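Sending over a structure as C-alpha cells; questions will come in a sec.
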Amino acid sequence: MKKVEAIIRPEKIEGVVDGLSKAGFNSLTFYDVKGRGKQGGLVELFRGKAYKIEFIEKVKIEIVVSDSDVEKVIQIITDKAFTGNIGDGKIFVSDIVEVVRIRTKERGDKAL
Amino acid sequence: MKKVEAIIRPEKIEGVVDGLSKAGFNSLTFYDVKGRGKQGGLVELFRGKAYKIEFIEKVKIEIVVSDSDVEKVIQIITDKAFTGNIGDGKIFVSDIVEVVRIRTKERGDKAL
Amino acid sequence: MKKVEAIIRPEKIEGVVDGLSKAGFNSLTFYDVKGRGKQGGLVELFRGKAYKIEFIEKVKIEIVVSDSDVEKVIQIITDKAFTGNIGDGKIFVSDIVEVVRIRTKERGDKAL
Amino acid sequence: MKQLKIFTFATFLIVAVGAIAFGQESAPSANSGDTAWLLTSATLVLLMTIPGLALFYGGMIRGKNVISTIYYSVAAAFTVSITWVIYQYSLIFSGDIGGIIGNLDKLFLRGVTIDSVSGTIPEYVFVVFQMVFGIITVALISGSIVERMNFGAWIIFILLWSLLVYTPLAHMVWGGGYIGGTLGALDFAGGLVVHTSSGITALILAIVLGERVRYGKDNILPHNIVYTFIGAALLWVGWFGFNAGSGLASDGLAGNAWLVTNTAAAAAGISWMLIDYIVSRKVSLIGAVTGVVAGLVAITPASGFVNIGGAIFIGFTVSILSYIFVSRVKKALKYDDSLDVFGVHGVGGMWGALMTGVFADPSVGGKAGLLYGNPNQLLVQAISILITILLVVVGTLISLFITSLITKLRVEPQEEVYGLDFSLHGEKAYEK
Amino acid sequence: MKQLKIFTFATFLIVAVGAIAFGQESAPSANSGDTAWLLTSATLVLLMTIPGLALFYGGMIRGKNVISTIYYSVAAAFTVSITWVIYQYSLIFSGDIGGIIGNLDKLFLRGVTIDSVSGTIPEYVFVVFQMVFGIITVALISGSIVERMNFGAWIIFILLWSLLVYTPLAHMVWGGGYIGGTLGALDFAGGLVVHTSSGITALILAIVLGERVRYGKDNILPHNIVYTFIGAALLWVGWFGFNAGSGLASDGLAGNAWLVTNTAAAAAGISWMLIDYIVSRKVSLIGAVTGVVAGLVAITPASGFVNIGGAIFIGFTVSILSYIFVSRVKKALKYDDSLDVFGVHGVGGMWGALMTGVFADPSVGGKAGLLYGNPNQLLVQAISILITILLVVVGTLISLFITSLITKLRVEPQEEVYGLDFSLHGEKAYEK
Amino acid sequence: MKQLKIFTFATFLIVAVGAIAFGQESAPSANSGDTAWLLTSATLVLLMTIPGLALFYGGMIRGKNVISTIYYSVAAAFTVSITWVIYQYSLIFSGDIGGIIGNLDKLFLRGVTIDSVSGTIPEYVFVVFQMVFGIITVALISGSIVERMNFGAWIIFILLWSLLVYTPLAHMVWGGGYIGGTLGALDFAGGLVVHTSSGITALILAIVLGERVRYGKDNILPHNIVYTFIGAALLWVGWFGFNAGSGLASDGLAGNAWLVTNTAAAAAGISWMLIDYIVSRKVSLIGAVTGVVAGLVAITPASGFVNIGGAIFIGFTVSILSYIFVSRVKKALKYDDSLDVFGVHGVGGMWGALMTGVFADPSVGGKAGLLYGNPNQLLVQAISILITILLVVVGTLISLFITSLITKLRVEPQEEVYGLDFSLHGEKAYEK
C-alpha cells in the first residue's frame, strides 16, 4: 500500500476532495500546513510598513491506497489542484507496510 | 524502526496516551486533522438551515518505535481507541530509515 | 529521495529555516504539533491551582530531498535547533518513492 | 402703604428674576437631565454600530473576510459623520420643501451654537443623536453584500444612498415632511427610516451583486459565533439608547420605551428558540440572537406607542415571520442576502410599522391604533410602508447605477477566493 | 391702589404658575437627572450579563462548550424579562403579605403608567432597573454547572427558582418585607439578594449534578482568557450602574457608591495578585480579575453605607477568603463548582454583608455599624445571612426536585464528551 | 387692605420658599442632570482602559504576550485607583504650592462628604471622573514596552511616574497651577496631561528598554485584529465621556464636544485611509483605527474650544503627521515604540494642543485662537507643550532610575522568546 501526500492550495481542497470522491476514493485525512517553495511570499501591511510573509498557507492531504490506485489518485490531484501558477504544490508517495482498521481490527488492503 | 500513525477520535487521545505510557511508550507526537472515511458527516445549523459537515475532526498520533514494538503499540491503540462505531479510525505503519536525537546527536534505536 | 521530518522547538523555526535556506534548501513544509518525550511538562495556573501541561508545543518540519542531501540537512537542523536541554527534539528519515510537481507534472528528483 | 408697595415690588422682583432663571432652566434653554440621557443615548447608538454591528456581522462570515466586513461598518461611520454635519442634517431638519426634503440653511451647521435648543435639549445634542441613526442605517445594509462587494464601490454607494434615500426619508418621517407630518404615520425610532430602508436596500444589492463564489456548494458557516454574540448583546444594550432616547427626554415615556424594547427582544428570542427546537430539537445561539435582533427591529417604530402586551405580541410574531424568510423564502428565491438583512430588518421593520398601527395605546404615546378604536392608523401605516419602499427602490437603483459607472461593484472571483481581507486590505485578521 | 392690587395679583399668578410648574418638575413627578442616571444604570446592569458575564464564564470553559455557557446567561435574560413584567415585579414590589411576599395587584404591570412615579423616577424606570438585577442573579448561578447541565432543565429550574427564591428574597430585603423592613438589615445593592443567593444555589447545584466527566483527570483550562478579561472588565464597568444606581438618584451618594465600588475592586485585585505572587511567583490575569469580581461582590451590600477606608478593607480581605475557598476548600471537599460561583459570589456576598455591619458610616448612608458604635447592626447582618441561606437552600432544593421530575438534569456523558455546543445547540463556535 | 397684606405676604412666602427650593436644586447643591452625565462619563472613561485600551494593544502584539499586555493596563487601573484616593487627588486638586503642586489637606479624601460639591456636581463624582484620566494615562504608556518590560518594574515605575509626572502636571494644567492658571494654556480634556505626557514617556521607555528580541528580523504582526478593532471602537465610544464630560456639565458645550470629537475621529480615519490607499492601494483596518485614535487624541485639548471646521482640519492633518512618524521616523531612528504611543499620542497630543491655539472659537468656549484674532494663544500653547515635555522627561528619567535600582527593567531574553504570558503570568491565553 502507498501513502499519497499532496500539499495543495487551500482553496483547491473542495475540488480535489470532490474529484477523489467521484473516483471512489472516499477516505482521506487532511490538515493545514505552511510551506515555502518556489512561490514568493505575500505582503501584509501594518501601520504603513510592509511585512513579507515568507510562508504560505497550504493544505496537506493524506490518502492511503493500494499500490494499483496510486497513479489514478495522482492523476486526479494534479488535475484538480492545478492552476499553472507557482505554488500549485507537490505530491509525495511513500510505502505503507501495514494498515489496521481500529473498529474491526482488519488489516492490510481490506482495511483501506 | 517503524512509524506508527494512528488517526483516532479526539476524545480518545487521553486514554490512548495513558495506555501507551503505562506500557513504556512515553515519547510521541500528535496533531489535529480532519478526515473522512466510512463515517457520515455531522450536521450543523445556521439560521434554520442544516449544513452537512463532511469532515470530522480527528487526532493523528505519530509514534516511532523499534520494529519489535510495533505490534504492542498497535494492540494498545486499537484497544484504547475502540468504541465499535464507524469512525474509530485507522493505523498506518511505515518504515523509518534513520532517527536522530537533536540534543545528543545519537542515531538509530538509541535515539528513540 | 528521502523525507526528513524534524520535530523542534517552536522558537527555533526561524533559525532552522534560515539555515536551510542558506544551504540552498528552500522548499519545505511545516506545521504545529504537540509532543511528549523525555522533557517534563510545564505548569499552568488557574485560580490558585497548578495544572501540569503534559504535552509541549513543537513544530514539525518536513523536507523532501534527494538521498545525497540527507546528511547535509540533518547536519543543519541538529545545528540550528540545538540548545542542549531536554526537549530539543528528533529527526526521522523515511523513503519517498515518488514526487510530482503539480504545476508541471514533473516527477522524481527534478520535481524537488 | 409705602412699605407694602416696596414689599410687593420686592416680591415681584424676586418672582420675575426667579421666573426668568427658572425659565432659562426649563423652557427656552435645555434641561440637563434630558440632555444627559440624550448624550448617553447617542453614545449607545454609536456603540451599536462600532463595535456592535461590526462584530455581529463579522462573526457570521468566514475568517478571511472579517476585516472587510468590519470595515464596511467603519466606513459608514466615517462617511456619514462628515456628510451629516456638512449637508445631511440641514437637508433633513432645516425647513421643508414640498414635504420631501429640507433646505440648506444649516449647511455646515451654520447658525447652530452651543445655546441653540431643540425641544428641551441643546441642538448639538439633537444633531449627534440623529447622526448616529444615519450611521447605523447605512452599516446595516452591508450584511447582504459581505464577502464580495468592492470596497471602493461601497464607499461611493453609501455616499449616494445617504443623500438620495436616507436624507429624504428621514425628512419625510421625522423632519416634518409628508409621511410623519401630513400623513401622520407613526415611526418612533426608525422602523421605516432605519430598518425598512436598509432591509429593502440590502435585498436589491444582494440581487444585483449576485451570490458569492461557491455559494450553496461549500459550507459557508460563521467563523466565530462568540463575536456574533458580543455584537448582538451590544445591539441589545445599545438599543435602549436607540428607542428610549427617541422621545428626546428622560421621562416616563423613555422608561416605557426601555421596557417594551427589552420585552419584545426577549419575546422574539424565546420565539425563535422555540421554532429552532420544534424544527431541529436543537436550540442554536445564532437563532436566539437573530430572534432578539428581529424583536428589537420590530419594536422600534412602536416603542413610544405600545404597552407590554403589544410588545410581547410583536416580539413573538416577528420571529416567526423572519424565520420563514430567512430559512425558506431566501432559499426558494435563491438570492444571497448573506446575513439576512432583508429577512430580519426589512421584514421586522415593516411588521413593526404595521403593528404600531394595531397596538398603539393612547395612554402611552397619545396615539391610538386599531385595537384602541382607530383602524385608520393601520391604513396610514401601510401607506407609509409603501411610500418608503418606493423611495428606497428608486433611490437605491439610481445610487447603484451611478456607482457602477465609476467603479466595479464586485471584487474579482480570485480576490474573493483569497478573501477580501488580504486582497483589499492587505491584512490577515489572525496570526498564530 | 387698584394698580397695586393688580400688580400684587399678577405677582401671585406668576408665583402660583411658577410653583406649579416647578413642583411638577421636582416634587410629585420625576426628576429628569435621576431618571437619566437610572436609565443608564439599568442599561449598564444588562451589559453586565449580556455580554459581560456570558464572556467572563465563556472564556473559562473549554471551546466545545462556549455556546452552551453563553446560552445559559441568554436564557436568564429571556425568561426573567418576561416573568418580571408578568408576576415577579408585582410579587416583589406591590404590597406585602406576612413580610415574605408581595401581592398580585400589579400583575402584567397593571396600573403602572408613564406618569407613575417611584421616588424621584418614573415607575417604569424602577421596574427595569430592578428587573436587570433579577436577570443577572439567575445568570450568575450557571457558573457552577457549565459544561454539563441539560439546557431544558436549566430553563425550568430558573423559572422555578426565580419564583421560589429570588422573588420572596428580593421582597424581604428590598420590597418592604422582613429582612430589610422589620429586621433592618442593610443590603444596598444585593449582597444577599444577588450574590449570597446565587452563590449558595450554585454550590447546591454543583453537588447535586456532580462533577464533570474526567474532572480532575484531564486539564480543564480556560479556552480564551481574553474573553474572560473582556467579561470581567464589563462587569467592573457595569457594576457602577449596579451599585451607584441603587440609591435611585443622581447625587453625592451615587458618587460615593461609584468610588467605593472602584476602590474595593482595585484593592481586591491587588490582594489576589499579591497572593498569586507569594504562592507561585507568577501573577495570573485570571487571578487578578477573579479578585476584582470578588471585591465588587463584597462591596455590593456596603456601597451605600461605607467610606473608602471600609472599601479598602473589604476589598483586601475578600480576596484572601475567596482564594482559600477557590483553591483549597473546593479541592478538599471535592465539589465541582466549575467557575467558583460559591467561592467568589457566595463567600464574597456574605463577607460583604457582614462587613457592612462593621463599617457602615453614618455620614455616608445614615446607618452606623460596629465601628461607629452600633454592634447590633453586625448581629442583624448575620441573622439576615442565615435567613437568606435558609430560604435559598429550601427553595433551590424544591426547584431542583420539580425540575428533575420533568426532565433530566444532566446531559449524557457522550454529549458531554462531544461538547454541549454541538450536542445541544447544533453549532460549533469557531470555524477555521 | 388687610386682605391685600395677607395676600401679598402669602405671595412672598411662596416666592421665598420657592427661591430657596429652587436655589437648593441649582446653586449650592449639585445638579442631578450634570451629575448623571458625569457619572456616565466616568464610567465611559474607565471603559476606555478596561477593556478598551487593553484590547486595542492586546490585539496588536503576538499571542504569547496578550495576557501580559492586558495586565499592564489592569495594573494601571489597580494602582491609580488606590493612590488616587490616598494622595493623588489631594496633591492635584487641593490648594496650590508654587503653581506646581497641591497640598495634602485631602489625603484619604479627608473632608470630602456626600454633600461636598464641586461646581454643579458632587465632589465625589469629580473625584472619580478625574481619577479615570489618571488611570488611562498610565495605561497608554504601556504600548511602547509591550512584550518585554518586567511586570514588577512596570508596577514600580507607574507608581513613581504617577506621583512625579502625572500629579504635578495635572495640577499645573487643571488644578489651578502654572500652565492652566497663570500661563492660561488651553487643554480641555488632556492633550497635554494625558497624551503628550504618555507619548513622551513611551518614547523614553522604548529607547531605554531597547528593541524586542528579533525585532526587525521576524515578522511581528498583530495576532488578532478583531480585538484591536473592538478596543479602538470602545476608545471611540468612551472618548465621548472623556471629552464631552470634561466641561463637567450636561449642556450645549458638552454637545459641541461630543460632535467635534466624532468629527475629528472620522476625518482622521478617512485621512489615514486615503494615505493607505495612495501608498499601497490597500486600505488596512489597523490604519483606519490608528487614524481614528490619532484624531481623538488631537481633538482632546481642543474639544471645548473649536467648532466643526477646526475639528475637520485637526482630524485630517493629524493622521498625516502620525503616519509619517509611525512609518518613517520610527524606522529611521530605529527605536521600538512597539505600538506607536509616541507617534499617535505624543504627536497627536502636541499637534492638538497647538491647533487649539489656532482654531479656538470664542463662540464655543469663550477663548479665541490665532484665527479669531488672538495669536498670543498659539504662543501660550507652544510654551505649555515645552514645559510639559520638560517635566515629563525629567520625571520619567527619575522614575526609571529609581525603578532600575529596585528590579530589572526587562525580562530575560529566554522569557521573552517563550512569551511573557507563560514566563511571568503562568498562563496561556488560548487553549485548543
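When the chains are written out, they are named A, B, C, D, E and F in that same order, and each has its own residue count from 1.
Note that a residue touches a chain if its C-beta (ideal position, glycine included) is under 8 Å from a C-beta of that chain, and two chains touch if they have at least 3 such contacts.
Values in this document were obtained by computation on a predicted structure and should not be read as measured data.
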item: Separation of chain D from chain C in steps, with touching chains one step apart; value: 2
item: Given chain C and chain E, the chains that contact each of them; value: B, F
item: Centre-to-centre distance between chain B and chain A (centres being mean Cα positions), rounded to whole Å; value: 19
item: Interchain centroid distance [CA atoms averaged], chain B/chain D, Å; value: 53
item: Chain centre separation (chain D, chain F; CA means) in Å; value: 31
item: Shared-contact residues (touching 2 or more other chains) in chain E; value: 4, 8, 11, 15, 18, 22, 31-34, 36-37, 40, 221-222, 224, 230, 250, 280, 282, 284, 286, 425-428, 432
item: Set of chain C residues in contact with two or more other chains; value: 31-32, 44-46, 94-95
item: Overall pattern in which the protein chains touch one another (line/ring/star/complete/other); value: other
item: Contact pairs between chains, per stated definition; value: A-B, A-C, A-D, A-F, B-C, B-D, B-E, C-E, C-F, D-E, D-F, E-F
item: Residues of chain B touching chain A in the complex; value: 2, 6-8, 31-38, 54-55, 58, 60, 70, 74, 77-78, 81-95
item: Chain C residues touching chain F - in the complex, by the definition given at the top; value: 11, 14, 42-46
item: Contact footprint of chain C on chain B as seen in their complex; value: 3, 17, 26-31, 64, 94-103, 105, 111
item: Complex interface listing, chain A residues touching chain F; value: 44-53
item: Residue ranges of chain D touching chain B (in the complex, touch as defined); value: 219, 221-222, 275-276, 279-280, 282, 284, 286-287, 290, 323, 326-328, 331, 340
